[in-house]
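Read through the structures below before going on.
What follows is a pair of complexes built around subunit A, which joins subunit B in one and subunit C in the other.
Moving on to the complex of A and B:
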């Protein structure tokens, strides 16, 4: 019940945002929603499964490129079709890579995912006839539920129909994840994170549970990537670079690792923080780095952890 | 805010306060809140600048930023553009996603009248259609590698592109063909593995073929972006024994490569053609840039004989203030600002003194001519810039710690750049080059 109430509060804030904020901040919320979707998936693997992936930007890029290839090269403008292809492509790649990566845990798992992520980045970068190389591929405006919105300017499209579409998508993906983490599957995933051997002795197929979580996280990232690509208007190799994976991990930690609302809180905080810093200082990278260090030291459970502690302190 | 230059050092905070009223008005029109040309003419003219400020391209961005600040100061000192002072709002160019967000911020939040800047084609390609769609007058400094440009926005209304990136490479090829014909039979390339590098190397080979030079390609080295260790590449090039090395490195990697190549003795046996020497010429110090190296300086050569008064003044200012030598990105920034100024004033004169709309300014810019640092320059009717390009062979006979050109060869962009509507590769085959 608490989760539903909290979700309704978040949803109300996002519904109110376009009316309360100007068009610029509304355009900024679309990448927030894209990251929130992607990181809700990564949080399943990292937060609930205890598996730190340094390569999940690859799945973000798969989603973006699926949208780009479908829209620009194949002429399929229906965003629903683009999403299905993105999910299928990402799920397939995750299923293949997961078989190899999940044979390991801890740093070895992280390094393997990093390696696959960088292989994919190299593929996007080097096979430029196919992928557009460093310039990437332009993403034409998609149609939503069959409507093309051709008469709208790009900004009007983004802050209007696409904003509501992305919000709807986030809501569905979030509620689905809420069901997943509270299901026996979610319990098994957390149990495997906390004590793999004991969980196995209880008859839980830890590898299989993690494998499914890996595939689900890849699919979520691809959906986020497809949304992101429409907002940017391009899919480029930077989306799959390891620094992007680093950013994704940073956002999860900033919001609150292993907490359902962590990704959305992290995405909002990170995007607004970066926007404010970039607008005010050319040394914004230093500030972001310092904030990450401070969070790791003083608030390892992220912003949500801080809020929880503050609420507990008030109750006392 | 610095009243002289019009630059707000805090970049944004105070302006937001000043523009609260404007933002309120714009909020009413919500999604259609784009620049409003009918603003009172006593308000500053806001120009958004997008340039790299960190990483291997920071040196290039700094050249552009310093020049645009200098130009703005000069324009404001002489009364501004059509009577309005210019105020710069600077945002950093990073990756495509972030830079597009910065551009949107400039338009939707800062309400700039014009956007100038842009270095990487990977960034300008997604930016161009977005800004065109937002009906924002945009003048790019750079970022026009052919593969992207020909497909993206064939006939823009609000966006103006820089001269083709490949111009300097075509010039490098023409100078090499004219002055080194018969001196090389074994050629090699080193370049970052990206579209521009691949394009210009292919163009060089195509021009060799066109002019009957049957040179054997003995090595192709494709480095990664921002690569800082060239030991393996230098060893491979040395083993291949080329007579001529066509080098397309251009960021911080270029001086690092040249140090490694000189240390290994590679420059003793092979003539170096530095296609993008202009990007880093202040870092190409004499000890590792041999006499005779072919240097291409793009649209500005700081030691050009008989420079324009503007270039002379700027180079003196730059060398005095920054203890460095300005390069072509300074010229591009100066050119963009002066094209904008000339366009606004021309459109305003045509309207009998009332402030023109962005599309009227854009129309006035088409075909306009201005004097840039590098000499006479202009904007073609198809929204592509035309400027002078400079190159030549290195000499150490100068008072600087870097090379200069023994003889300065200059080419008009009309010679180096495909005509409107033409395909780059088709044009290379059919064009009559002055060799």
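Moving on to the complex of A and C:
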């Protein structure tokens, strides 16, 4: 019940946003939604499963490139079809490399995922014909539910139909995740994070549970990547670099690790933070790094953790 | 002909990679932290070395002193490890994901520190290696500077071995790596050991950076690109093993030189394919320990 109320509050904020903020800021919100979708998936693996992947930017890029290749090379403009292909491609890749990566946990898992991420990154450079090499591929405007919106300007399309589409997509994927984490599957995943051996003694197939979480996280990231590619209008190799994976983890920690609303809170705060810092100083990376360091030291449960603590303190 | 040149380039590369990754391994061996900052320290060493040597030349210093000046400036730049360790100390004993991320925040911060101090333009130290001339063996010519760097890496490898395996300080370091609490109970000042190890590891990184500056430009891409290679080295060699770093550096150096010559776009891919093969066949690397 609490989750539903909180979700409705978040939804109301996003519904009100385009009317309150105007087109410029609304175009900024679409990447927020894209990251929120992707990170909701990564949070399942990292927050609930305790597996730190340093390679999930790869799945983000798979989604982005699926949308770009479908739209630009194959002429399939229907965004629904692009999403399905993105999910299938990413799910397949995740199913394959998950078999290898999940043989390990802790730092070795992080390293293997990083290694696969790097291979994918160089693949994007190498296979120029398919991926456009260093400059990537630009993404043509997709059609949504069969409507092409050809008469609209680019901004009007993004802040209009595409914004609502992305918001709808986020809502569906968020609620689905709420069901997943509260299901027996979600419980098993968390139990495996807290004590792998005890959990397997209780008869939980820890590997299988993690494997499913890995695939799900890959699929979520691909959906986020496809939305991201449309909103920035291009898919380029930078999306899959290891620093991008680092940023994704950063956003989750900023919002609140292993908490359902962590990714959306993190994505909003990260974007606001980065935008403010970039507007005010050339050295925004330094400020960003320092803030992350402070969060790690003083507020390991992120902004949500701080809010929870403040609420509990007031109640006393 | 081509093979010998290729091997020579590979070994020079390996020498520098070894210095940086030995620092990574030392830190991981004792503190169980994968230090992503290694790449930034490497770049810092390169920029700092370039500036110090420029200053040194402006003071009328002889270019023949290139190597010692660079090594000294690298050792000096490594002192920044004191600051990094001081901050990193706050997350000792926390989840390793947080420790890894903490070093990532330093990568972000260093990136802007380097840009602030040295600007966005890459920095190159003229054609200095030629001051040491070349060594001609039959039909092959080798720049002496590169040979000296390789020799330095070998000396460092020897010194590290001696320090860790033969001195009493080394015993304490190894005891701390094995079981920090027990070492502390037996009277070892693990706080100081941690600091010492981190600064030593940092110095290895900055010296590595300072030594490449006469042959490559220092640029802001250095930190992140180096991590990609250094990571491959430590994974192939086995996390925490300095012997592993030695062998891993040679493997990655050779692979890199081979792929740069024959399939330039496959450089990173070939290195990481080997990484995956190693991780799958020997998850803890060639010399790693299982319980890391």
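Heads up, the rule we're going with is that the second predicted complex is superposed on the first by the 316 of 316 C-alpha atoms of A that agree within 3 Å, B and C clash if a C-alpha of one lies under 4 Å from a C-alpha of the other, contacts with A are read in each partner's own complex, and residues count from 1 in each chain.
By definition in this document, a residue touches a chain if its C-beta (ideal position, glycine included) is under 8 Å from a C-beta of that chain, and two chains touch if they have at least 3 such contacts.
None of these values were measured; they are calculated from a predicted model.
Contact with subunit C, but none with subunit B, is seen for A:100 once the two complexes are overlaid on the shared chain. When both complexes are overlaid on chain A, the residue A:212 reaches neither subunit B nor subunit C. When the two structures are aligned on the shared chain, A:285 is found in touch with subunit B and with subunit C. Legend: residue contacts after superposition of the two complexes on their common chain; A:46 is shown touching subunit C, with no touch to subunit B.
Touch criterion met: A:293 reaches subunit C, while subunit B stays clear of it. By the document's definition of touching, of the two partners only subunit C reaches A:249; subunit B does not. In the overlay built on the shared chain, the residue A:125 is in contact with subunit B and with subunit C. Of the two partner chains, subunit C is the only one that A:111 touches; subunit B does not reach it.
Judged by the touch definition given at the top, the superposed model places A:37 against neither subunit B nor subunit C.
On subunit A, the surface touched by subunit B in one complex and the surface touched by subunit C in the other have residues 125-126, 284-285 in common. Within the complex formed with subunit C, the residues of subunit A that make contact are 46, 52, 54, 100, 103-104, 106-108, 110-112, 114-116, 118-119, 121-123, 125-126, 241-243, 246, 249-250, 253, 283-286, 288-290, 292-293, 296-297, 300.
Listed in rising order, the residues of subunit B touching subunit A in the complex are 10-13, 23, 26-27, 30-34, 53-54, 91-92, 95-98, 100-102, 104-105, 107-109, 121-122, 125-126, 129-130, 133-135, 145, 147-148, 151-152, 193-195, 198, 225. Within the complex, the subunit C residues that touch subunit A are 34, 87, 90-91, 94, 96-98, 100-102, 104-109, 111-113, 115-116, 224, 227-228, 231-232, 235, 239, 265-269, 272-273, 275-276, 279-280, 283-284, 292. Within the complex formed with subunit B, the subunit A residues making contact are 18, 22-24, 27-28, 31, 125-126, 128, 132-136, 138, 153-156, 159-160, 228, 231-234, 236, 238-239, 274-275, 278-282, 284-285.
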